[in-house]
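If you scroll down you'll find the structure; I have some questions about it.
Labels run A, B, C, D, E, F, G, H, I and J following the written order; every chain starts at residue 1.
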Amino acid sequence: MLKNIKSCISPDLVKILMEMGHGDEIVLADGNFPAASHTKRLVRLDGNETPEILEGILHLMPLDTYVEYPVSLMMHGVEVSRPSIWQVYEEIVRNEENHFKAQYLERFDFYERAKSAYAIVATSEKALYANIILKKGVVTE
Amino acid sequence: MLKNIKSCISPDLVKILMEMGHGDEIVLADGNFPAASHTKRLVRLDGNETPEILEGILHLMPLDTYVEYPVSLMMHGVEVSRPSIWQVYEEIVRNEENHFKAQYLERFDFYERAKSAYAIVATSEKALYANIILKKGVVTE
Amino acid sequence: MLKNIKSCISPDLVKILMEMGHGDEIVLADGNFPAASHTKRLVRLDGNETPEILEGILHLMPLDTYVEYPVSLMMHGVEVSRPSIWQVYEEIVRNEENHFKAQYLERFDFYERAKSAYAIVATSEKALYANIILKKGVVTE
Amino acid sequence: MLKNIKSCISPDLVKILMEMGHGDEIVLADGNFPAASHTKRLVRLDGNETPEILEGILHLMPLDTYVEYPVSLMMHGVEVSRPSIWQVYEEIVRNEENHFKAQYLERFDFYERAKSAYAIVATSEKALYANIILKKGVVTE
Amino acid sequence: MLKNIKSCISPDLVKILMEMGHGDEIVLADGNFPAASHTKRLVRLDGNETPEILEGILHLMPLDTYVEYPVSLMMHGVEVSRPSIWQVYEEIVRNEENHFKAQYLERFDFYERAKSAYAIVATSEKALYANIILKKGVVTE
Amino acid sequence: MLKNIKSCISPDLVKILMEMGHGDEIVLADGNFPAASHTKRLVRLDGNETPEILEGILHLMPLDTYVEYPVSLMMHGVEVSRPSIWQVYEEIVRNEENHFKAQYLERFDFYERAKSAYAIVATSEKALYANIILKKGVVTE
Amino acid sequence: MLKNIKSCISPDLVKILMEMGHGDEIVLADGNFPAASHTKRLVRLDGNETPEILEGILHLMPLDTYVEYPVSLMMHGVEVSRPSIWQVYEEIVRNEENHFKAQYLERFDFYERAKSAYAIVATSEKALYANIILKKGVVTE
Amino acid sequence: MLKNIKSCISPDLVKILMEMGHGDEIVLADGNFPAASHTKRLVRLDGNETPEILEGILHLMPLDTYVEYPVSLMMHGVEVSRPSIWQVYEEIVRNEENHFKAQYLERFDFYERAKSAYAIVATSEKALYANIILKKGVVTE
Amino acid sequence: MLKNIKSCISPDLVKILMEMGHGDEIVLADGNFPAASHTKRLVRLDGNETPEILEGILHLMPLDTYVEYPVSLMMHGVEVSRPSIWQVYEEIVRNEENHFKAQYLERFDFYERAKSAYAIVATSEKALYANIILKKGVVTE
Amino acid sequence: MLKNIKSCISPDLVKILMEMGHGDEIVLADGNFPAASHTKRLVRLDGNETPEILEGILHLMPLDTYVEYPVSLMMHGVEVSRPSIWQVYEEIVRNEENHFKAQYLERFDFYERAKSAYAIVATSEKALYANIILKKGVVTE
């Protein structure tokens, strides 16, 4: 553990966040996502839910401001209402980045996008529609 | 994730619990324990607290009934009262094993014992005196 | 060994079942299947027959309910009657999942499907037509 | 699988049996033996019982005739009667080697002996007192 | 060394023969064959000639009876008479399998076939036209 | 790069700082220190001087408050005056930790201590007497 | 450290520069460049800026004189004036090589070019437009 | 060192020459050749010139007599006269093989050919046009 | 294969012979010797007998002339007459080295000596008393 | 190759020289020295003689001025006159370092010292008494 880094952010995850550069993407996958079969760089964070990880990551890593949608979410089937977890994500993102601009990908488009990401974080999140991709922005000291 | 296994119990941890035999020990170390420097088989469970991991482990692994003390705790300096986390541990253990028999080791004796254990689980537990060692018992189908 | 996990389910196999996500597939291959040449993730369970492994897996892992056929079997040449092992499989699956919905693949289609699976379990099953592929479903605690 | 090799004898086990020379020892450990912590060369044969493995090994590997006791068994506590599994072992050994000469080691002496063996085979044997060590003899074509 | 396995069959070779399944192929390459550049699974048996290895393999591994030609030989240039080593091979194969059905491949077709085989055994055979590919059959205990 | 982490703190270094626990030590070695021969966990930070690294580390990692001297410096021969770099270190430490309590080790005692540290950071620091060892304290969120 | 090699040039970097041959390229990437995802041979020089590294490299490695542009720079968006860092680069190059001949690549062309380079050096350079690719020339003693 | 093997032929190089078969090729590259980026099997012989290596290799390895040109040389630009190193090569080859039959490849054709060779030997040869590829022939005792 | 190297001398064996220096020892072990458990550098030459390997090695490697006994043999039990294989060894050694000076070690002294040798060659030699250790001498071109 | 580094100094050797710190030692061993068995960090420079390597190293690495004898040579038996290679070494060292201060170690003391050195360079030097150990000094830019 270190000061100013949330305890759910593991050593491997910080290392990976630091190695990522402008435009690289990271996937926060829920507990049922086929993470191991869709990446060569897997970080397991068993027992953790996505919101606290998202918060811990955004405290360290800025989102990309050069693209229209630095956030990607996974659409799924016919949805009645907006998943409540998206609202949670939006608040966390707005808290760090002021605005929340997300695009929505079909399940299999999301899978393909995940495959080309820099890394996938496998959480134990149980909420539906909870998968999210973040694109790293430029760090300025 | 699988049925009947708590989500905080990672794939690596289950594999290690299965590999362990009668008399092998596993350490649940708090977030400040020097885990990486005291074992060659390290399982990190960042972001998790010890009680839920203890519960998840005991749901799968019996404690040793051939020894007097299948549980070891770490004493620390001059203690005013019994740490509340010990009470939590006792209840979890009693729930699975009926009785709770623990010995208390001085800090450096605990460190030495941890070094010879089969594995150390590094949690993010923040309670004081929360380190605990479990000795595996005999599994009978 | 652990409580509630059948002894034929090895530590590596449990680890792999846990790593798999929704939609990932696992092959239970008979003793003559060219398993090592058709996967990069091989689990050998020499000396074991498929039914007990199938039972042990389904006790831990749900089948996919989002697809029509979560089970795939390998057709072979001109068959006179339904292989008796299929009846055994059907009963085991029904026992855990209530229904049994299987598709039948030609030998070389089955081989191709096996190659893209997450893992292959090499058993010593000697019954004919005993190869089977399972698609993992969603785990809800 | 190959002709004349029992299906419970895995590829790794045959390789190890071939690499062993005159005087090297192999341990057949029951399902609760702390195998992984007592060897650097571990062969897991989950789901198998010891008698069939013993039979498969002796079909390939002769016992040492240069020592008094090519077989070692593990004593345990105060025994009322001779464990029935020992009778099974004796018959299997006599079948291949004509005679059965075994020594009996205390639990911790057995553990030490196991540590210096060439390899340990971890079975799922559930019988009590089922651990056994075999010393390889000279192969003459 | 083990009973009933010829001493020229190395531990690695037996392990590979056991891992192979129905339809997998193995190449016995002569001393000048570019073996290392045509496979990722190479077994060197320096100092050995092919006939004794062929005999040792067929004693353990059945040939495929589901295909017309379980044996492949390498044609080479304009041949005056049938190479005498082929007669040796035919006798060894007939001894174990009753019949000898071989197809003949041009040099570069043979090379391509060798590349997709499960393994190549590099012998020190010096006879001309001595390269041979074997397709594994079904093992029934 | 990440927010709130100085750019001289490399991904590997942060990972190591996170893995360290209470009481583990890290050495900041100058450019001529025999670092590679005195540790199995080496972090090279070529081109960097020690003060900025010290500052970057202390921003993340607290020093141990359970020991008298959480800081160790290397004495060297007959010194006329206190090395100016020690003054720099003292200010940086006081800035983060309020007090600066250091012990002084003879050259070869320092080498031995370095060997048992968790890691050594090899800098390009050119100042004399610039080697320094830090003992990690307890992190409380 | 060694004589005549600047301290920011790490052991790994010198090794890589020596392994490179005529026509091989190396990328000096700024602190936000997605370096790890665009190369299999990554040298991190955290905490260093590009000009001193460029100077250290050119002191050891000649540029290619067989091509028109041994230097490549990354264009970016609509530029008002020439980035001042380019002037710094030009002076350093001219100092060693007499002339400075650079081509300018669009961002994504630059990324593709970087992928096929022999190595990428990840610096902590913060200036804009600071990425640069060098093509190695012929060394004559 | 061994009897009858020149001291410039390293252990790794002999091993590679032995592993090569009929038709496999090896490249002797000069000191500026981009060797590491054009092969996965690299032998460095720093400090050595090509003629002595060529002599050492041909003392052990015959050239291919089944092809028209067992030797390939790299053409380069507009040449006034035949490079003197080619005369040296011709004499060394004739000494072992009686005749010298070489083809000449354009620079980039030579690079492509080098990539598909079994190995590249990186020498410190400084003569121009000194790169040479050898095709191994059949060894008959 | 290469010219002037016997085909039973494998690529790995030549590499090891070249790496050995003055005073390093190599063991030629018979088919029943516990080779794998007595060395970390094992060369298997299954299917080969020791005399031809001895001959092939001595053709390349001189014996040590600085010690009284460059050859060590293994005594065994009460011997009636000199083993005939020793006569074979003596002739092969005399052929290359003019004289044959051997010491005789008790079985367990031989085992200890083998453990400290540079490498062990595991042959399939079946003659009794056939184990032999060679000490490498000085190579002078 | 790079500017100002002699071509006999390989990439691995420069990397090792850079990693070494004040007081670390490097051995230049002649062609018959048992180098591989006396170090875990071996650099082979087959085909090269020691003087040119010594010159190349001293051009980059200063000798230790804090000890009486930064150079160690290997005595051997009864010597009539000073080996001529020592004179060569002395001149090379004086050329870079002004003075030449060497101690002389008995053969087996030299071997022990070599074992604890940072690395051994295996040359093909054939002169007698040519082994030499260098102790690295402090680099000041």
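Heads up, the rule we're going with is that contacts are C-beta pairs under 8 Å (C-beta built on N, C-alpha and C of every residue); 3 or more make two chains touch, one makes a residue touch a chain.
Which chain is which protein? Per UniProt: A, B, C, D, E, F, G, H, I, J = Fucose isomerase.
Owing to the predicted nature of the structure, the values given are computational and were not obtained by experimental measurement.
Set side by side, the interfaces I-J and A-B show unequal numbers of C-beta pairs in contact, with more at A-B. Farthest chain from chain D (centres taken as the mean of C-alpha atoms): G. Centroid to centroid, with C-alpha atoms defining each point, chain E and chain F lie 62 Å apart. Inter-chain centre distance (chain H to chain J, centres taken as mean C-alpha positions): 31 Å.
Between chain G and chain I, the centres computed from C-alpha atoms are 54 Å apart.
Chain C and chain I have centres, each the mean of its CA atoms, that are 51 Å apart. In chain J, 1, 6-7, 10-12, 19, 31-32, 126, 139, 141 are the positions where the chain touches two or more neighbouring chains simultaneously.
In summary, the structure contains touching chain pairs A-B, A-C, A-F, A-G, B-C, B-D, B-F, C-D, C-E, D-E, D-I, E-H, E-I, F-G, F-J, G-H, G-J, H-I, H-J, I-J. Residues 1, 6-13, 31-32, 44-48, 52-53, 124, 126 of chain B are the ones that touch chain A when the two sit in their complex. For chain E in complex with chain H, the residues that touch the partner chain are 29, 31-37, 126. Those residues of chain A lying in contact with chain G across their complex are 19-24, 118, 138-141. Residue ranges on chain D touching chain E, taken from their complex, read 1-7, 10-12, 14-19, 59-62, 139, 141.
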